[in-house]
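Every chain is named by a letter (A, B, C and D) in the order it is written, and numbering of its residues begins at 1.
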Amino acid sequence: MSVDIFLSLLTAAFALMVVFSKKTVVAAFALLMTLLTIAIIYFQVGTVFLSAVQVLVNAGAIAILFVFVMMLINLEQFPNNREKNKMKLIITSFTVLVIMGVLALVINNNIEMLSVENLTDNSMKALFDKLFTAYYLPFELATMLLLAAIVACIVITSHEKHEKHEKEELLETEKNR
Amino acid sequence: MSIYYYLSAFLFCLGLLGITFKKDLISMLLCLELMLGGVALLFILFSKATGFIDAQLMVIFMMIISACEVAIGLSLIIALYRKKQTIYTNDIKILTE
Amino acid sequence: MEIASFAVFFVIACTLGAFLLGISSLLGQKRKIVRENDVYESGVNPVGSAIRQYDIKFYVTAILFLLFDVEIVFLLPWALAYGESSDKAFMISGFVFFMVILLVGYIFVINSKALKWEE
Amino acid sequence: MLIEIVEILLKIVIILALPLGALPIIIHVERRGAAFMQKRLGPNRVGPFGLLQPLADVAKFMFKEEVHPTHVRDFFYTAAPLVALVVALLPLACIPIAAPIDAFGKTIYPEVFRSDMGIFFAFAASALGSYGILLAGWASNNKYSMLGALRACAQMVSYELSLSTSVVAMIFLYGTNDIHLIIKAQTGYWFGFLPMWGFFLQPVAALLFLVGIFAESNRLPFDLAEGESEIVAGYHLEYSSMKFALFFMAEYIHMIALSALFIIFFFGGYSLLPGMEIIANKSPILLVALQAISFITKIALMIWFFVWVRWTLPRFRYDQLMNLGWEKLLPLGIANLIVTVLFVYFRNP
């Protein structure tokens, strides 16, 4: 039981660092640590395959992407003296606290029902059999989604093509003037 | 085991708070990733509690979708940064050129 | 049990690194020469701030790595599930469909000059 | 309870002592090997045959002045070498030295972190390797080190793809994730003399994994990050004395861990070397010792291969390097995967 408490306090601490840290690169590395501690929690809870995938995909690829973008977009050069309108902050933090209270209340009411363990066969084999027989279609659609993401990212980040179009249009306008 | 429910709720609300507090787009995306982590943890806890193993598959698909979402989100931020040289939300208020 | 042994391993690795750093900061000489603390640009006076615009190719590589890595990592459960699966033809059809989409994405990446490094 | 504590500590001591103990030897072998290939002598002044030279280096690193430049981000500046070292050590936790032994009434697994996803965790831990580099590049707040860190990470990241395709091909053939079962599938002989190693099963995947290892550990011909000529010294530019030595150690340990993975997949891990079976079945302790010895000799040969390649191949240009990674190795990995899957399917549907 004490391991659970220690792990959740660690995750909460890193999550707080993500939200309340001044520099964004510090927030990115704090997010990396949160994802790693969540992977350890997955292992503690028993889902071994998901913790390995979490380390490899979330901590190993997504967090790298964040740090790369941080390095690409240098934020420190902007003077961050944006005025914080106090009213907005108070209202939002109040509503989030209310949401947190409601969630805690809901969990508190049926904690007995929730913390009973009746997952019989937790082995990876059961998980994978279901993944490729019952959930065959979502798996294929997920690859389609990834294909769409690949095409979208390349088109969005490569701007040479648009400039070429603009130049061609300019040439045409001169020609037929 | 039961403390993880509170942890996932806390992560979700912290992500929500972060999105409203943060000034630039990348930090908002970071906090969004935090919320996704909280919800994925909840899926796993429910799959343990109810014995319904498909919830763990949902986490796998959530990872695929969160990877695509982060990829496209950051590409948009790069394109925005290239056009407007800033990603502070206060400066990006005008819809026209 | 595994988590306990892994935690002990992690703690010992961290103390090892900290111990080595601690020793060197204790034993090393302390000479305060201001010139030493400048940015190192092979002797030349540093020009401009270190944070400047870097090439977008680094970012495009990382983004494509993320998307292809997710696709390849989710082949691993397929590889494990193939052994015990009863209907192998069904699995192979899923694999072929998966690979076709992966190759379509890959061919698009190759033709799209996104990863061409030579300017 | 006491037995478990002793067991854990013993395993950790063995797993940490082997690579850290082997480090001076590897550095010495690298120097003498380089000298041997270039027809010169190499270090032989300090101690017999220069064997104490690495220890002299370590002592030198300890006594050098800790230069702490003012412009760096302090906390991350010192954290980066620690992160690099710890992340390099993590994959070692899942790599077994010998077969599981059943003593004291239960089977004792030799690796520290026992799980049936063992190979997957080792592979995931080696994927975290680029964080130490990124942190160092960002923390030292210097144009050259940031560019070096970005280049090193982009290279490691793009070669990890072809590495994972070959891992998927091998796991598909072995059908399991557990390291001990993979090695059990590789013991034995084809036609009497050829050991049933994964290398003969899948030479293309072995080639991909090998190239991936060279790129992942930033070894020549892929060490663009520290290319002295282009960018001064890459991500560990602003570091001196012990912090630089930690990066050095992290690179070597990362190399040892990756070559151990390579040997587990393709050269039968701790399965006994061809000649060893005759004396192996005397007593279980001897068997375990022989397995550990055969595993260590394979890793030593692999390290010699690293040194050998380092002094024969010239360094790649950066666009050739990325071109090779994306346009040559990745399609080869995908094609190899498709061919193996269809071959296995059509051989016995």
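As a working rule, contacts are C-beta pairs under 8 Å (C-beta built on N, C-alpha and C of every residue); 3 or more make two chains touch, one makes a residue touch a chain.
Computed from a prediction, not measured in an experiment: that's the story for all the values here.
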item: Which of A-C and A-D has more C-beta contact pairs; value: A-C
item: Central chain (by mean CA position); value: C
item: Whole-Å gap separating chain A and chain D, where each centre is the average of the chain's CA atoms; value: 30
item: Separation of mean Cα positions, chain C and chain A [Å, integer]; value: 17
item: Whole-Å separation of chain centres (CA-atom averages), chain B against chain D; value: 34
item: Whole-Å gap separating chain B and chain C, where each centre is the average of the chain's CA atoms; value: 21
item: Residue list for chain D, restricted to those that touch at least two other chains; value: 115, 120, 146, 150, 153, 157, 177
item: Shared interface positions of chain A, touching two or more other chains; value: 43, 49, 53, 56-57, 60-62, 64-65, 68-72, 124, 127, 131, 142, 146, 149, 153, 157
item: Multi-chain contact residues (two or more partners), chain C; value: 2, 51-52, 54, 56, 58-59, 62-70, 73-74, 77, 80, 102, 109
item: Those chain pairs that satisfy the touch definition; value: A-B, A-C, A-D, B-C, C-D
item: Complex contact set, residues of chain D against chain C; value: 4, 8-9, 11-12, 15-16, 20, 61-71, 78, 81-82, 85-86, 89-90, 93, 112-115, 120, 141-144, 146-147, 150-151, 153-154, 157-158, 160-161, 164-165, 167-168, 171-172, 175-177, 232, 237-238, 241-243, 245-246, 318-319, 322-323, 326-327, 330-331, 334, 337-338, 341-342, 345, 349
item: Of chain C, residues touching chain A in the complex; value: 2-3, 49, 51-54, 56, 58-60, 62-71, 73-74, 77-78, 80-81, 84-85, 87, 90-91, 94, 97-98, 101-102, 104-105, 108-109, 112-114
item: Touching residues (chain side chain D, partner chain A) in the complex; value: 76, 115-117, 120-121, 123-125, 127-128, 130-131, 134-135, 137-138, 146, 149-150, 153, 157, 177
item: Chain D partner contacts - residues on chain C that touch it in the complex; value: 1-2, 4-6, 8-10, 12-14, 16-18, 20-21, 23-25, 27-31, 36-42, 48, 50-52, 54, 57-58, 61-62, 64-65, 68-69, 72-73, 75-76, 79-80, 82-83, 88-89, 92, 95, 99, 102-103, 106, 109-110, 115-118
item: Chain C contact footprint on chain A (complex, rising order); value: 3, 40, 43-44, 49, 53, 56-57, 60-62, 64-65, 68-69, 71-72, 74, 76-77, 124-125, 127-129, 131-133, 136, 139-140, 142-144, 146-147, 149-151, 153-154, 157-158, 160
